[in-house]
């Protein structure tokens, strides 16, 4: 590897500070985690967006959540074709190896990936339609959700499509045989959330009303 | 969607506590983030492992790092075949849309995904060789790294293979034309780290010695 | 300009060292900063004192804080009289152009400017009362704070007056219409800190107790 | 004061890290600084811009530089009218109390304040002409510099005006009697620098050629 650079100095400084305080104060817990492995109670699937800190929102400790983050927090449909399916691998590992009790899919406001999908599907971003666009091909997963809200006028589809992203992911999760089996055996529950970054509000998908409701 | 459940009560409680304290005290910052978008300086690629909190290690604030997390923090080679490549989409978005200045790949000790790769490649986990194993097919990405350390005896390949995972990801990053171009234009730097969870230590890949060195 | 001299050699040497190391390793970040502008999350108002390095205390990177430094870190009251108000200009730029989410005012122990104010107000430094004394006229801003602690005996007013400097600045900040509006719209928060240089301790103004409390 | 909020948690964490490492390792030096006062060798006048870290460029230690930072790093002309002149106070304190040996004025590329002056003087930002604009009134200081480069075409005045800001400040410094006296007694030297943020380059004003030359 001929392209790696040293870590920027301010990150070295911050790491040294963490080592001398947080790590030092919690060394027993870190060692226990190293010696006894992880036993997370839940898997969280969220966006890569730098503004989404689910560990902060949920007061999470090291060892508590198995966290997968990708563009828009999407889960593709079950497709065992032998390819490198990163998201499917995380779900398989969480459910079959770690045996998590919950999978929480969380979307958020102002999501750039979802905005890209809206632009692509409504004809405003032809470059995302190209085969070579990884973001475009990834956001294809959300097309079924776009179809369901495409009747909404321009400028009003944002949060609706962000919530569809959560629902599409939950639906796709159920296409994985090991997920369906765990859910049907009542060993796993699925949860859908949407977070408004600016307002700090959290809504969850509510089955009885088939809508997102404030928590 | 007919399978979503309400969020467990203890998470509702923690969220309510966060909303009343952290959010309330930092509302201005959350609103600024919502109104002005994200401007993360770096992308971090790490494992989903529940014991890896890079935001804690680096004293990160909301808005600072664009974070992708998958099994073992792997990046596959460039493959614009029109499929749903989640990891490739995150890299494309970070480099071409967000124009991050750094991509930091961080591996860790006791990595279950890397252990699976070792078992698979050394013949101890034939089930991971099956076409239907998403974890197995994902860990295929690390095979070139396994070949480089396969001469090591059983029980001694762990940290070596975890570090190979970082190097393979860095090498694969350079196969993406937009990554290579940004690196060659000196608009992007790549960094490789490995964290020992129990000891809280951090090592970084050092080009001159072609080895990981303690920070 | 007929009075500029070449930079002292030791500073040229240090700059050359920085250019060959820190800059070289972080060129991508500096270019990103140049190309995409600054998006600082906070404004810091501190003293010019050479012993105050808030970037060190807060592990700050280039691009993170918009920093104004003047004698004692004072903010004068709002006074739109058409004069050259340097501090007011920094606050206006931070709040209305950069839209920072926080303004952090930080005072410190052993502050020479605050000592001058104490001497001036207690009759020990008549020269500071002269119209021609820029330091005296600047420290006039702190007089309302001196009045509040003038009952303390000689030799005990130091840290109390340094903390009053922080409070007077916070109060004056609220006299700027654009600051008040941003605070009331919950788009901006104000913070008051005091740093003991020798002990490395940090105290923050706590509203409930109306006092500075250790962090 | 009824508007102060607690410091954001990530800054508390970083401070605690600094206290446990940098402070702990250098306690003797911090105590010496507290007990024996500051003896900075130079005053630096720079911009508030978050991208300008002169302490980094010059490898500065605590105690080394007395640093004043305002919009564009400007010094107004000598004007002992009894008003609150923050910048004049810093210069007076540095020269008459601290007796620094150097005053270094440093400007930089992509300066928002200088850009504002250019827009104002060329008719593109009428709002900056209003009496109530603190930024506009502050940038009036640079008008004599604008006059000298106003013949340059639009889009080419940027770096030239940034360098004029340095020269105007040096010229204004010489209007302060205590500065002129110290310079003429060879107890003080003035220096003018300009830093290109993206390229990391540094130029200094060179008297013989009456131009900025690379260091």
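For clarity, chains are labelled A, B, C and D in written order, and residue numbers in each chain start from 1.
What we mean here is this: a contact is a pair of C-beta atoms (placed from the backbone, for glycine too) under 8 Å apart; a residue touches a chain by one contact, two chains touch by 3 or more.
In this text, all values refer to a predicted model and were calculated from it rather than measured experimentally.
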Among the remaining chains, which ones contact both subunit A and subunit C? B, D
Of all chains present, which has the mean Cα position farthest from that of subunit D? A
The chain pair with the larger count of contacting C-beta pairs, comparing B-D against A-D, is A-D
Subunit C to subunit D: how many Å between their CA centres? 14
Subunit B and subunit D: spacing of chain centres that average the CA atoms, whole Å: 41
Hey, how far is the Cα centre of subunit A from the one of subunit D, in Å? 45
Out of subunit B, which residues touch more than one other chain, so two or more? 22, 25-27, 29, 31, 35, 59, 61, 63, 102, 189
Just say which it is for the chain contacts: an open line, a closed ring, a star, complete, or other. complete
Note which residues of subunit C are touching subunit B in the complex, please. 25-29, 31-32, 35-36, 39, 41, 59, 61, 63, 99-102, 182, 186-189
Residue positions on subunit C within touch of subunit A in the complex are 22, 25-26, 29, 59-61
Over in the complex, which subunit A residues touch subunit D? Could you list them? 13-14, 16-18, 20-22, 24
Residue positions on subunit A within touch of subunit B in the complex are 1-8, 11-12, 14-19, 22-23, 27, 30-31, 33-35, 37-38, 40, 43, 48-53, 55-59, 62-71, 74, 76, 80-94, 97, 102, 104, 109-110, 112-113, 131-135, 137-141, 167, 170-171, 174, 183, 189-193, 196-202, 204-207, 210, 215
Would you mind writing out the residues of subunit D in touch with subunit B in their complex? 5-6, 8-10, 13-14, 17
